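This is the structure I want to talk about, given as C-alpha cells.
We call the chains A, B, C, D, E and F, going by the order they appear; numbering starts again at 1 in every chain.
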Amino acid sequence: MATVKMIEYEEASAEVQAVYDDIMATRGVDWINNFWKVVAVQPALLRRTWEGVKEVMAPGAIDAVTKEMIFVAVSVTNGCDYCINSHTAGARKKGMSDEMLAELMAVVGMANQTNALANGLQVELDEAFRAGGRS
Amino acid sequence: MATVKMIEYEEASAEVQAVYDDIMATRGVDWINNFWKVVAVQPALLRRTWEGVKEVMAPGAIDAVTKEMIFVAVSVTNGCDYCINSHTAGARKKGMSDEMLAELMAVVGMANQTNALANGLQVELDEAFRAGGRS
Amino acid sequence: MATVKMIEYEEASAEVQAVYDDIMATRGVDWINNFWKVVAVQPALLRRTWEGVKEVMAPGAIDAVTKEMIFVAVSVTNGCDYCINSHTAGARKKGMSDEMLAELMAVVGMANQTNALANGLQVELDEAFRAGGRS
Amino acid sequence: MATVKMIEYEEASAEVQAVYDDIMATRGVDWINNFWKVVAVQPALLRRTWEGVKEVMAPGAIDAVTKEMIFVAVSVTNGCDYCINSHTAGARKKGMSDEMLAELMAVVGMANQTNALANGLQVELDEAFRAGGRS
Amino acid sequence: MATVKMIEYEEASAEVQAVYDDIMATRGVDWINNFWKVVAVQPALLRRTWEGVKEVMAPGAIDAVTKEMIFVAVSVTNGCDYCINSHTAGARKKGMSDEMLAELMAVVGMANQTNALANGLQVELDEAFRAGGRS
Amino acid sequence: MATVKMIEYEEASAEVQAVYDDIMATRGVDWINNFWKVVAVQPALLRRTWEGVKEVMAPGAIDAVTKEMIFVAVSVTNGCDYCINSHTAGARKKGMSDEMLAELMAVVGMANQTNALANGLQVELDEAFRAGGRS
C-alpha cells in the first residue's frame, strides 16, 4: 500500500486535475494510473514529472516503442516491479510483440552478465572505445 | 588494471584463438578488445559468453542498433564504465546519431527517476498493468 | 515468508532477550519488529547489527529525523520494500511530515536521474569538485 | 572523457546560454561545471534537468544542506563518482562539516547493510509499518 | 504474475521438452520450476540459459554449495526475491546449514556496508591491491 | 582522491592507533590500507566497522577464502572498484587460485543475468521455494 494517500480526480485541486486531464488526453485513456495519484502528493512533483515523461517519451530520433523498451530495460535492472509491469504494458500497447519482449529480455540479461564480468575482472578500456568511440 | 592476465592472440590456445577468429570475422575487425582477452582466463567462459553475445545481439525482431542502445541503458544503470563506453561505441558504429544518444540518455534518466518514485512511495500495481498488460 | 524461523521473545536465549529488551527500552515500545526476530538467527549478528543501528541512528551532528530520511533514500535506491516502509514509519514517528516526505522523494528521484546522466555520458570530474571539494 | 562533446559557453546557442546564465546566477558562481556542458548536448534535456534540480534542491520543508546530503546518499548507493564528489562539495559549501559527513556515511553504510539483511532473509513487513506507518 | 505465458511441459515444443528433460535429469527432480517455464517464451533463450547454468553451477575448482551461496549473495545485492528464495532452497539442498546461511548473510551485509563506505568516501586504491593483488 | 583527509598512524589518536594495531596484528601485516585511514575520520565508525569485519570474516561455518569470494561477489554487483581489487587480493592471499577466480566470475555473471530475467519477466515464486525451501 502506498506510503501516502492517493489523490483521486474528484478530490484533486484544479492544478492536479489539469495534469490528470493532460495525461488522459495525451494517452487517449479515461483513467489515471496509481503512479500519478501517488506523485500528486506534491502538485509540483506531479507536474514536473509528467511534463518530463511526456517530453521524453514522445517519438523523436528514437521511436515510441523503442523508448518504452529502454524504459523496461532500466526498470528490470533496478528491480522496480511497478515500472516493469506498467512499461511492459505500455510497450505492448505501442506495438511490442512477445518475440520482441523475449529479445529485449535476452539483451537485458546478457548486458547484466557482461557488466558483472567487466567490473569483476576490472577490464581496462580500449583506446578505440574511449569517449564512447566519438571521433 | 585487470585482475587477471589478458590472453593475447599469439599466446592463446587453439580453442581461444578459434573464438577470437570468430569475433573478428563476425564484427569485421582485425583486433580483439580487452573484454575478451580477460574473459579468456577461462576458455569455457570465453566461448559461452561470446556465443551468447553473438546470438543475442544479432538483429531479429529488434534491430541491431536498438539492441546496442538497450545494452547501454542497462550498463548506465549498473554504472559499468567499460560497458558504457564500448557499447556506446558499438551503437554509434551501427548508426546511433548524437541526437539518438541524447534521447537514449533522457529516457534512461527519466526511468531511473520514476523507478525511484514508484519504489519510494510504494505504488500499488494497477489491475490494467498486471502481468505487463498481457490479455 | 522469511527464509529462517523468526525467534520470538519467549523462546529466545537470554543473550537474545537482552538485545530485545534494549531495543524496546531504547525505542520506548513494547514489541519487536520482524527484522530483529529474523536477524536473531545468529545472536552475534543480532547484537552487532543492533549496536550499530543504535549508535549510528542516535542524534549527533545530524538530527534523528534527518538520519531516518537518509536511511529511506538509500532503501529506495536499493529497492528494499521492508526498509522503505519501516524507515518511512520511523521518520514519521520522529517528525517527518507528508510535505517533507514528498520533498525527500523529489530529491531521491532527481538524484537517481542525474546519477544516470553523469554515468551515462561519462562526465569528467571538475577540478573544483575533486576530493569532494575539501580544501 | 565524456561520450559527447561538451558545449562551452562561447559556442552555445542562445537557449543554452540562457540556462547557463541562470545556473551561474542561482549559484552565485562564474563558471559552469562539466555536468551541464555535457547535458547541453540536447538543449531540452539541459533546460528540463536544470529546472528540475533548481526546483527540487531549493530549501522548503527540508533545508538545503540536508537535501545535498540526501543527494550524496543516493549517489553513494549508485556508485556515481562524479555525483558523490560534486554533491559532497555542494553539501560542504552549504554547511556540512566533516563530522556531519562522517555521520552521513555511517548512516548510508548501515542502511546498505540492513537493506541486504532484510532482502536476504526475506523479512515480512510488520503490520505497524504497512504504508510507511501512515494512519 | 509473469509478463509472458508460462510454457507447460505438455504444450511445449520438442525443443523445449528436451531442455525440460535435461533439467529434470540433471537435478534429479520430476518438475520444472517457473523460471524455466517463463524463459521458454524463447526456446533459444531457454536453451542458452540452461546450458550456461548447468555448466557454471557444476562443481569444479569451487564446490556446488559454495556456488549456490555466491548466487544468493548476488541475488540479495540485486534484491531479486525469486532468486533469493530459489537459490537459498538450492543451497540448502546441497548442504547449507542455517548457521552457514546466517554467516553468508553477515558477510553479504558487511560487504554492502563497506562497499558504500569505500565509494562514499572515494577511497583510493592501495598499490598492493592493484590488479587484485596479482603479482 | 578521498573526500576526507586520511589519518596516518603517526598522527592518529590513541583510540585510532589501537584499532590500527589490532588490524595489523590480526592480519599479520605491518601497514594499514587506505580504507581504514579514511574511515578513521570518525573513530567510532573505524572501531565498529573493524570489529564487524573481524568478527564476520573469521572462519566459522564458512571458511575464510569462501567468505572473501562472497565479498567479491557483492562488490562486483555493486561495482565498487576499491572493494573488488582489495578483496580479490584478500581472497588470493587466503588461497583463491586463478581457476577459482574464473569460476567465481562465471557464477556472478550468471547470477546477474538470471536475476534480470526473473525480475524482467516477473516470475512467480514456486511453492517449493517459498521461505527459501525451509521445511
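Simple rule for what comes next: a contact is a pair of C-beta atoms (placed from the backbone, for glycine too) under 8 Å apart; a residue touches a chain by one contact, two chains touch by 3 or more.
Remember, predicted model here, so these are calculated numbers, not experimental data.
Chains touching both chain C and chain D: A, B, E, F. For the pair chain D and chain F, the fraction of shared interface numbers is less than half, so the two copies use mostly different residues to meet. Among the other chains, the CA centroid farthest from that of chain B is the one of C. Each chain gets a centre from the mean of its Cα atoms; the one farthest from the centre of chain E is D. Averaged C-alpha coordinates give centres for chain A and chain E that are 27 Å from one another.
Between chain B and chain C, the centres computed from C-alpha atoms are 33 Å apart. Each chain gets a centre from the mean of its Cα atoms; for chain B and chain E, those two points are 20 Å apart.
Counting only residues that touch two or more partner chains, chain B has 1-4, 41, 44-45, 49, 52, 74, 76-81, 84-85, 88, 99, 101-106, 108-117, 119-122, 130-132, 134. In terms of which chains touch, the assembly is arranged so that all chains touch all other chains.
Residues of chain F that touch chain E in their complex: 1-4, 31, 33-35, 38-39, 41, 45, 49, 52-53, 56-57, 60-62, 66-67, 69-71, 73-78, 80-90, 92-93, 97, 99-104, 106-108, 110-115, 117-126, 128-134.
Within the complex, the chain A residues that touch chain C are 3-4, 41-42, 44-45, 49, 74, 78-80, 131-132. By the touch criterion given at the top, residues 79, 84-85, 88, 98-99, 101-103, 105-106, 109, 116, 122 of chain B touch chain D in their complex. Those residues of chain C that touch chain F in the complex are listed here as 1-5, 44, 48, 51-52, 55, 130-132, 134. Against chain E, the residues of chain D that register as touching in their complex are 72, 76-77, 79, 81, 84-85, 104-105, 108-117, 119-122.
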